[in-house]
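Look at the two complexes coming up: chain A is in both, with chain B in one and chain C in the other.
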Partner chain A sequence: MLSSDGRKVVTAWIVLSVIATPLVAVFAPRFYAPGNGSVQATEQVFDNTVMTAILTPVICLLVVFFAYVLVVHRAPRGQELRDGPALRSDATVQAVWVTLSSVTVLFLAGFGTYELLQNGSGGGQGPSPIANPSGTKIPVQVIAQQWQFTYRYPTYGGVETPQLVLPADTYVELHVTSLDAIHSFWAYELGVKADANPGVDNIAYVKTKGPLTFHVRCAELCGLWHGYMFNNGRVVPQAQFAAWVKSQQHAFAPVAKYLPKYATTYYPDPQRRAG
Partner chain B sequence: MTVARRLVGFNLLTACLLGIGGWYVGWFAAHAVVGPSIDYFADVDFNELSLVMGYLCGVLGFLVGLGFLNYPFARLRGYPPSLREKETGGIGRYFGLCTDHKVVGMQYLVGIGFFFFIGGLNAMLIRTELLRPSAQVFPAGTYLTIVGLHGTMMMGMMTSGILGPFANYLIPILIGARRMAFPRIEALTFWLLMAAGVILETTIFFGGFPTGWTGYQPLGTQANPGIENYYLFFALVGISMTLLGMNMLATVVTMRAPGLTWTRLPIFVWGVISTSVLMVLAAPVLIATLSMAILDRVAQTNFFVPAQGGSQYLYENLFWFFGHPEVYILALPGFAIVLEILPVFARKPLWGYRLAVGGLLGVTLLSFFVWQHHLFVSGINADLRPFYMLSTELISIPTGLTFICGMMTLWRGNIRYSVPMLFCLAWFFNFFIGGLTGVFLSDTPSDTTTHGSFFSMAHFHYTIMGGLVFTFFAAIYYWVPKMTGYQINERLAKIHFWTMFVFFNSTFFPLFIAGFMGQPRRVVTYANGVHFINVWVSVSAFLLGGSMLLFLYNFVKSLVFDRVPAPADPWGSKSIEWQLPSPVPVQNFDRIPVFSGDPYGYGETGPTPVPAGAPAGMT
Partner chain C sequence: MRSATGFKVLGVAVGLAAAGVLIGLYVSKLTTEAGSPSYTVPVSSQGGHKVVDLTIQTVAAVGPQLSPAHPDYVSYLVRDTHGKWLRRTVWKLPANATVHVTIYNFDGASGLRNPLYARPQGVDGDVMTVDGKTLSVIPPDDASHTFAVPAYGLVIPVAPVGDNAKNQCGYAPCAMSMAHRTITFTFHTGKPGHYRWQCFVPCAAGWIDGFGGPMQTIGYMDGFLNVV
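Here is the complex of A and B:
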């Protein structure tokens, strides 16, 4: 059925894939973002690993094919122009290719959907999330403005803090909103990213693991000092978190009366337009 | 005396003078209407309307100066339909309104090349700034303007990067016609684009713009007046694209020579058809969106200002409804060029012609159903994320058809490694990496981390620079000897290829790692942990820029100074353009050819695939 050329390529492909795929599946997670800072981050690493493992045979096929064709089927130097065989099409090759690529793609989409619907994978899901993990979650609001993030804890009297501190081993419900332009709240090690839109309550879920310091960066171009819109956050043991919240409530008590009442969105007044 | 007389009339000089004059007319007229400023907070002595009117009247004056209104006025005054403009003159016709599609093609090549070069210089400035983790060279606002200028110029100007020069030049020849369906509109698309390029670059006089190439709202509403230049540039590009696409479709549908059935069209023509469909359907959305954004600023309409009842999501939706077909407008001509060139250098027919056409049309169709994958974490329409994940990943199937057709065309061929072929093979490498990384971006869970990071930036540089720009160079090396009649030095071309290929990959591959390590796009500062990667990337980018300079040197040296005549068919191609003399005569064909097959009959006997009929100069 296959020509001798075809047999060589297919054999080499299968051998290479069988060797490479398990290696990739084992070693890729060590290098993959965003690490194991939260349940969602670990899921993303797993997701990336599965995708890489599925794509490895595809990579092997192209590597083997091109290595073979470009070496074996090249025209000898100085040869007169000579035409190759007039192969116009081959129904079997077409059918196999279309079938394999369709199966791969549908599997990837199905797998991605399954992973997404577990808990939203740390991504912003808008005001009414479809991937809503069960159990208790503590709500934390992320307010983006040009050019910093602040955080409010509605279950602790709506105290507003300049730094994000989260309790360990807890499901957190992040409500991301903005006061002006579009920003994007990116807590890298937690595997969380949610755009901050003015007038929108964008919800993302994350389940923290052990204590950790993580980076927060703005990931959507938001104007002049976008490049400076970053901060650190911390995941701390639950007892320490309770103490921290208390200290914040104490520290910000004098300004608390100037804060607007806690809400899912805010429209600051007046809306200034630059000229 | 004669030189002085030739300067008077409808030409580029008059156009520039009328353009500048028109700018001031619009500026002062708007001033007279609405006074110094309609914005309470503005601390500058002009209003936005005068800026917009200045540029619109400037463009109008520019087009009048070139002579675009002469023909409509002549018709209004009762003159009969006339011949086309300046089709027999000498070198002068390259510097004005000319309706010879071959002249327009050359104009496009030089004009787009010029702006591509400027966009590339902006990239060099970006990489200079990113040599250090903290802001060093430019103030933050200047840096953002440079980023915006680079992105906007590349995404706007290069949409016509292949259709402009090569489709305008080749489509009439490939389908056996003497001209495009609308030759004056064809010229208009080019001169609109040049006016747009100037408008974009002059943003620096009005404070630049901080939004990057996407112009997200409400940032655009609060930005400097320079944002108007961005809106006007992209809107004019949109008009140019729409007209270009309609012209291409009309030409291919109505002007094919006898015997040239749909299944005998060269695959490049199919690439042009699918790209044109995208242009005609997507670009008007962009024009409308940007018009609304301009109105938001000059007339306070608040389409996109959330606090006033508008919606920034509306802008994101509209922009990406254009924006995603846009990236396929950039990519599809590359697919087509690869499939067009491979058979010539593999000496085999194009494998799976119908499959390849199906692949191009499949991408065209699907690209209208994927735009919200740019908005996975934006909180918009979260219920539909699985659908957009599926539709995005489905695009790999028609794209894969392009791959299998290309690969099977190489299979058992006699492959010659000429320069155009090298660029096409590099396309497989680059676009494969671009496509694989696209799988990660289209997967919603994985996209949480990669969205808005250098990972996505590296991804679209692999697909657009690796996909479009590499095939752009393949097309230059392949067709320019036909277009100019002169050879391009092959040794320098090979050095150009290898340096470009190596430094392109060494520039953009590490950016995937930087993105995975958490570096966001468009930032002037970054973490110390990615400092080494950024230095590496910057040095590679400078070397990549050097490779481009080498190309420029070779191009000018070969075509202006060496001028070694090229043979009529240097590659041994069976396609019709190579049966014509180099350069192609003004009327293309003495008699319209009659086609009896497609141009891929390598290794086949039987009826000659070379079109019958008598090409000009051959009778």
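Here is the complex of A and C:
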């Protein structure tokens, strides 16, 4: 049986948790990154909301226990400090504690694994993705180099451009690679982050929603201009995307014959000086 | 007594905060411009519109006169109003101005890692002139350097001096009688800001993948356009 102190703490904990948990679950997602720019981004917000909601009662218990001890068992001013009674083990408390902790952790592990296997959650999965969502996907290649990202569209003649534009309401299969050092492609509002390594085809999936301007940054320290390796990408209506692709094919037509045939990775010839 | 101690503590706190701000500003300047002195490009006016003529050159080795510490570094130089070449790569330009650029390249070919940069981009007409001839692309393997301002979408591939050209320049300063290529183009500055520029050609001799040393150092193959 719980002591008088224990009953008070548990009661206060339950009351606080019942109030705080729904509030956290409802209001916290409004402040969570990366927002709702893509299906994956929305799922990430949902995942973080679930984890925070589960975390809330744990935090409440710690706060209530700490506050109760501070207020109720605070030594009166001027009184000599004395050690409290010895702590005795309690099999029931231990069993409850271990069981609750185990259930919570195992649930989170299962939940996280399930969410990850849905579609990869916007993360780079290497050249052979485990989580490969079904349906039609448009491939877009992300090529990192010191210090800019460029993009190739293999289904549109392999046109390459320094701009990232994606069609709305479309599943996109991003193939991320590098021509030199290690970079990381981070499309923040889309909830996509994938390492860009030379000689590696790192695949990530994202399903776009409506029109959106998003930020692209390099998330791997890659040299002098790492901090300046960013640009904006856009999600546009599908008709606008088709027109944009045509404009890029026209703008970069003079260099098209010099681009290497589309491949998942590239190994530029050793340069004369770099050699 | 207590009040005097309080004032002392407050004074120390304010002093530490001020020192922190000053150190922060200094570190910010170091990290953004790496202590590299800037060059203010002269501005003229045509019909009320600001126009700038920027003349720069690229050399295979900057030489001991301009860089005693790294005479073998490949480098950009800028020409001042007296015709003197300066090793400065932070350039102050006016906002909303037209910038006519002339590049004298005294260096040979290195080749681009990404052929996309063989296409002039972000300049008037998306073309440049090379020795008076208008071009919309050069063979990527011929590129000696690029002048690129990614925030402007600006890329200019720099045509090379031929391997067998006579009277090649060993190190700067290079006389105009020496073998060189002349590249011209025009771009426009927009709103004020701090825009980095760089070379995309891995042209740093002796460094891993050609991208160390001068390619990672402001004052050689990298710099800023300080648009004000």
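One rule holds for everything that comes next: the second predicted complex is superposed on the first by the 268 of 275 C-alpha atoms of A that agree within 3 Å, B and C clash if a C-alpha of one lies under 4 Å from a C-alpha of the other, contacts with A are read in each partner's own complex, and residues count from 1 in each chain.
The criterion applied here is as follows: contacts are C-beta pairs under 8 Å (C-beta built on N, C-alpha and C of every residue); 3 or more make two chains touch, one makes a residue touch a chain.
Since we're looking at a predicted model, the values are computed, not measured.
Once chain A of one complex is fitted onto chain A of the other, the partner contacts of A:G37 are absent, as it touches neither chain B nor chain C. Once the two complexes are overlaid on the shared chain, A:G233 sits clear of chain B and of chain C alike.
In the superposition on chain A, A:P57 contacts neither chain B nor chain C. In the overlay built on the shared chain, the residue A:Q148 is in contact with chain C alone; chain B does not reach it. In the overlay built on the shared chain, the residue A:W225 is in contact with chain B and with chain C. Once the two complexes are laid over each other on the shared chain, residue contacts for A:D180 go to chain B and to chain C alike. Of the two partner chains placed by superposition, only chain C is touched by A:E160; chain B is not. Of the two partner chains placed by superposition, only chain C is touched by A:P260; chain B is not. Of the two partner chains, chain C is the only one that A:F252 touches; chain B does not reach it. Between chain B and chain C, B touches the greater number of residues of chain A. Chain A uses residues 180-181, 223-225, 228, 271-275 to touch chain B in one structure and chain C in the other.
By the touch criterion given at the top, residues 108-111, 113-116, 118-119, 121, 126, 136-137, 139-140, 148, 150-151, 153, 196, 198, 200-211, 215-218, 222 of chain C touch chain A in their complex. Of all residues in chain B, only 37, 39, 41-44, 135, 140-141, 143-144, 210-212, 214, 216-219, 221-225, 305-308, 312-313, 346-349, 351-355, 375-383, 385-386, 389-390, 393-394, 396-397, 400-401, 403-404, 407-408, 410-417, 425, 428, 432, 436, 439-440, 442-453, 516-518, 520-525, 527, 572, 601-604 touch chain A in the complex they form.
Residue ranges of chain A in contact with chain B, taken from their complex: 5, 31-34, 40, 43-44, 47-48, 51, 55, 58-59, 62, 65-66, 69-70, 73-75, 79, 81-90, 93-94, 97-98, 101-102, 104-105, 108-109, 112-113, 115-117, 121-130, 176, 180-182, 184, 186, 188, 191-195, 197-200, 202-204, 215, 217-228, 230, 267, 271-275.
Looking at the complex, you find that chain A touches chain C at residues 143, 145-148, 150, 160-162, 179-181, 223-225, 228, 231, 251-252, 254-255, 258-260, 268-269, 271-275.
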